[in-house]
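Below are two complexes that have subunit A in common, paired first with subunit B and then with subunit C.
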Partner chain A sequence: MRFKSTYWFSLSLLLFFIHPLFANQVLSPNPTVTNPFVEVAPENVVAKDLPNNSGKVLQVSWNFPDTLPIMPRTIKIYRYEHDTISKHIADVTPNVKSFLDTSVMNGIPYRYSVQAEYPTGIVGGLISEPAIAKAEWFDRSKINLFVIALILVSFILGYIFYSEKGQRLFIRKIAGIQAIEEAVGRATEMGKPVLFVPGTQDMDNVQTIAGLTILSSVAKMTAKYETKLDVPVSRSITMSTGRETVHEAYLAAGRPDLYSDDIVHYITDEQFGFVAAIDGIMVRDRPAACIYMGAFFAESLILAETGNGIGAIQIAGTAMPTQLPFFVAACDYTLIGEELFAASAYLSGDKRSIASLKGQDMGKAFAIVLIAVTALFSTLSVITGNEFFTNISTFLLNLTISK
Partner chain B sequence: MSELSFADHLALWVGAALTFMIFSFLYKDNPFYKFAEHLFVGVSAAYWMVVGFWTTLIPNGIGKVFPEMVSIFLPNLSDTTPNYYFLIPIILGIMMLTRLFGSIGWISRWPMAIIIGFSAGTNLTRYLQSDFIHQVHSSSVPLVVLENGSFAWMATFSNVVLVFGVIAALLYFFFSLEHKGIIGGASKFGIWILMITFGAAFGYTVMARISLLLGRFEFLQKWLQSFLV
Partner chain C sequence: MFFLTLLLLLLLGSVGLAFFIRPLRKFFPLLLTLFTGLLLVVALFIPAQPFPKLEEEFSMWFDVIAVFSFILGGGNLLRVHLMKIQQKKRDWQYSIVTVTGFVIVLVIGLFKVGSKNWSDPYLAQGTAFKWMYDAVFVPLQATIFSLLAFFVASAAFRAFRAKTREATILLVAAFIILIGRTPVGVWLTSWLPNPLQFFHIPNLSTWILSVPNMAGQRAIMIGIALGIISTSLKMILGIERSWLGGDES
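Up next is the complex of A and B:
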């Protein structure tokens, strides 16, 4: 008898410990149910993979009442990997009903348990069905973005093919572009240098690329007129690319003898250190023309004010909306926003760049039509309350929603 | 102020002296400004080099491929599994250094081309989403607004300015047509809208700059109090 009772006790103990490994829904670590009528546990714990992403994230959701006689202190979330080891991954407030676990690996099944921690103890602990995070090739929520991109790209490609056939594309004159040659000419007459600042950002900023394209045209002019050019930069890769650009321009102008690596020189990555150095260069070298083309931040007004103080002709171009007011106030000419990119295409004289500009114009026309038509149908919907107008305006608005 | 340590006093005096040196530029260029300028440039260039070395080159470059090599400096990398994909940026970085050797300097154009191409490609969808689609969506509003069944004057006016202002500003940036006739009139309205926006932004930012100046004056006041009070 003694052997039998010990045997049954050991077997029960063993089953008690190993049964979570086989059960689909079992109690998770240390739940202490005290009064299930007052201390309510989270129910219907569901884990699922989210669609339209690169995986590595699972959503855990559960049901839990918004009002209770006693509110829990916190909701505890546990994760089971391979159904064996539980790991406490997060605590959330009781009003939260779902949690995104971004620390999972793709292709591995995970189960979750959600418990409510009350001042008197912990309740809950049902374990969810397994969920597996997986990556998807396409984000279907962005199909409208894809279609609009296709439309815009087809405009640009269409104009490129059109220009390749030898057709001339018209671009209107931009005042700031005309002023660049005047500024270089003025510096040549005065025997003073031209200062060119290609912004304070790196080559991953499209404004810096546009600035360096304009630098190429400016360098061709300075090479042609034998005018000194000074290009201080704040990023090492911008320096390398700037040197390549200026070198190519001097070669194209037939004056490689005038080129020196010192034309494009690095100062510092620090924004205000860079500005302090340029201010010093301005007051000491007294350039006759200061050209700022690229991405600028708080340094824009300091640069433009100092350039104004030394009496230089100043031309600026940036697509930073917050800095444009300062350039407009303190410079002689300012290329506003897209004019910077237009100037780079115009000055490069490259057929593809000009065709690209024409294609972008069609994109703007597309935007104008879309805004006007949507505004019209929204207005008709408000005035008449007609369902037909409402449906059309909703459809048009949904076209431009992108997550 | 008596509780300030010697180091605090030193920092206050150095900070105040450098502030006056920079302010002296308001009069004209002078040796004090030159000293502060060169100190700032030198210290910041060295600082960013050290930051780049310890936050990029060591942990993200060598540390990802040969974690055991840098585990002496960064012990948390000792258990990291080598990720040989990071050899690609290391090789690209070495290719950039070929600029130092004239005969093979052309190799440095490849990493530059990759950086520019990658930036252009990734920015295409980012800007298309944030600067095009979202803007079109936010600007597509009804020209008449009713609130509780009655006409809302201010909201209607706001929406009318928004829709016509955006269309006019877009027409200003239309480069395929001369700014003449109707297009000229609309683009003139567009540039007025832009200038009014710039004026508001100018005033707002100048206020922010004045608060920065006040911050510097507060620092100088603290410095004065450190030896006067």
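Up next is the complex of A and C:
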């Protein structure tokens, strides 16, 4: 009896002292090593926070030889919170070398264990150092974008302040914009309406906004010349904004009596339903001038060709590069890309808007210089193989590529 | 959440004040545009919450507004066409077709005619709406879309008349690209030796698309991007306010 108690006491004491040696294994779920010469365990398990994000994500990575004597069935990933509770979070295929854990909380340390499951058993169980997910307050991968945006905004604001001092700024003539008044005049002489289509997109598209700013100037002209204006729209919010724009333009022209809510009318959100309705309006009402300003897709050519068919003078403007060739082919004048955004400044004659165009031009000059310098250094780098040129061209290329 | 609540309060407050005080009717929308615009620009560079959430929330708000405004659009459509029918204006018969179509589709869609359960989507198999969509809407849409084939031909015929130097270049480039995309293009110049492979029509066609065409498109894209930045900045700063109906009042 005495021997038995001494035996149990000594065993307990021994276990008490040696238990830290097994601590890691206790944390690890079933760390069975069956045959270390055949089954290879994942090594170098590293957990880390990813930069430039809102946190709540940790990356776990591990090393695993590309060629294995036996392929494991799966890789099991376990997560430890506060070093005590283990949770099986995912199984991944053996060829995967990292895993993004998106179910973590910010500010809590997590450790990970990665194990390989073979037909004969499970190997591995090394536990990573703790990693903490945290949110960043500035996305450093966008610093190039930030700097370029800052330069462009400085150019635009600089010119606006410059114009405020009373400096006159010259802008080149754009034939398409000058033709708008000519088109409205032609419609007046012929006693026919002017059709204005502000694209097929909603007010969250900047091209629609640009289209409506041009509509404001067109509406002032039609009010002045007492010409009928017809503005079919494909979005309800565009209808509300368009009505407000035309109403104010008629007020500004001193002809509120000519304004009617029916000038701007809703047709349908459906692309081809909208086109069919406008084609019908064109064929029935035969407007003398058709103006398309905004975002267009496949409907561009259908509209422009129908307008051409009825012999209307057509002016189009869009920033959709794929639709520009169609408008160029079928319309009398086309505002290409940036000219659509310049049109309202040009038509309104507002000095601050014109100043912003000058700022835009400076931005273009900056882009041209940047492209030319990058091309020069890239060419020199290829021809000479010089490390200095390569470094500069790589830097310039990285500067312009947003990650 | 704090930002969203603040914004909502600002929005409600401005609507309320602008309702009673006429001079504020443009000031508050401008203030709101400035605040929202700057917030969304800042959100692009700050990954920490609530900024990424703000972008999602704002586009959701837009959808909510769009849903309500659809009633406005539908109402306007009905009003315009009913007035036309009542006053027997020119081509008023077409308005009957429009109004009838609108009402039939609306009723069938709202009451889910032919649907077994109310919880089924309105485009579920077996519903009258689905039948109308497949048997009427899709063929009509395809018909209008297929008009493009004829319009492309007529527009190309006009555009490719070699009247000027530029039109001639356009004609030659278009001809090479068209031929280069067909088996004839491959067959015509397949005999060319290796050093002259650049002049093989499919290669020439690819070169035109990926070098001069791409360069032109990129130049246009840079201009568009600058135009968008400038227009957005003008709106945020309240320089461009024609979307508010101008600054005359």
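By definition in this document, the second predicted complex is superposed on the first by the 298 of 403 C-alpha atoms of A that agree within 3 Å, B and C clash if a C-alpha of one lies under 4 Å from a C-alpha of the other, contacts with A are read in each partner's own complex, and residues count from 1 in each chain.
Methods note: a residue touches a chain if its C-beta (ideal position, glycine included) is under 8 Å from a C-beta of that chain, and two chains touch if they have at least 3 such contacts.
Since the structure is predicted, the reported quantities are computational estimates derived from the model, not experimental observations.
**Student:** Counting only touches as set out at the top, which of subunit B and subunit C does A:I383 meet: first, second, both, neither?
**Tutor:** Touch status of A:I383: first partner only.
**Student:** I'd like to know which partner A:R284 touches here: subunit B for first, subunit C for second, both or neither.
**Tutor:** Both partners, subunit B and subunit C.
**Student:** Of the two partner chains, subunit B (first) and subunit C (second), which one does A:H265 touch, if any: first, second, both, or neither?
**Tutor:** Touch partner of A:H265: subunit C, not subunit B.
**Student:** For A:S240, select first, second, both or neither according to whether it touches subunit B, subunit C, the two together, or no partner.
**Tutor:** After superposition on chain A, A:S240 lies in contact with both partners, subunit B and subunit C.
**Student:** Between subunit B and subunit C, whom does A:T222 touch in the aligned arrangement: first, second, both, or neither?
**Tutor:** It touches nothing on subunit B or subunit C.
**Student:** Once chain A of both complexes is superposed, is A:S113 in touch with subunit B (first), subunit C (second), both, or neither?
**Tutor:** neither
**Student:** If you stack the two complexes on chain A, which partner ends up touching A:A375: first (subunit B), second (subunit C), both, or neither?
**Tutor:** Touch partner of A:A375: subunit B, not subunit C.
**Student:** Name the contact category of A:L397: first (subunit B only), second (subunit C only), both, or neither.
**Tutor:** first
**Student:** Which partner does A:V328 reach: the first (subunit B), the second (subunit C), both, or neither?
**Tutor:** both
**Student:** Find the residues of subunit A that appear in the contact set with subunit B and again in the contact set with subunit C.
**Tutor:** Looking at subunit A, the two contact sets intersect at 145, 149, 152, 203-204, 206, 209, 237, 240-241, 244, 267-270, 272-273, 276, 280, 284, 301, 321, 324, 326, 328-329, 336-338, 342, 357, 363-364, 367.
**Student:** If you look only at subunit A, which of its residues touch subunit B in the complex?
**Tutor:** Touching subunit B from subunit A are residues 144-145, 148-149, 152, 170-172, 174, 203-206, 209, 237, 240-241, 244, 267-270, 272-274, 276-277, 279-280, 283-284, 301, 321-322, 324-326, 328-329, 336-339, 342, 357-358, 361, 363-365, 367-368, 370-372, 374-376, 378-379, 381-383, 393, 396-397, 400-402.
**Student:** Mind pulling up the subunit A residues that touch subunit C in the complex?
**Tutor:** Residues 52-55, 135-139, 142, 145-146, 149, 152-153, 156-157, 160, 202-204, 206, 209-210, 212-213, 216, 235-237, 239-241, 244-245, 247-249, 251-252, 261-262, 265-273, 275-276, 280, 284, 298, 301-302, 304-305, 308, 319, 321, 324, 326, 328-330, 336-338, 340-342, 344, 348, 350, 352-353, 356-357, 359-360, 363-364, 367.
**Student:** Along subunit B, where are the residues that touch subunit A in the complex?
**Tutor:** Touch list, subunit B to subunit A: 22, 25, 28-29, 33-34, 36-37, 40-41, 43-45, 47-48, 96, 99, 108-109, 112, 115-116, 118-120, 123-125, 127-129, 132-137, 139-146, 163, 166-167, 170-171, 173-179, 194-195, 198-199, 201-202, 205, 209.
**Student:** Subunit A touches which residues of subunit C in the complex?
**Tutor:** Against subunit A, subunit C makes touches at 44-49, 52, 59, 62, 65-66, 69-74, 76-77, 80, 90-91, 94, 140-141, 144-145, 147-148, 151-152, 154-156, 158-159, 217, 220-224, 226-235, 239-240, 242-246, 248-249.
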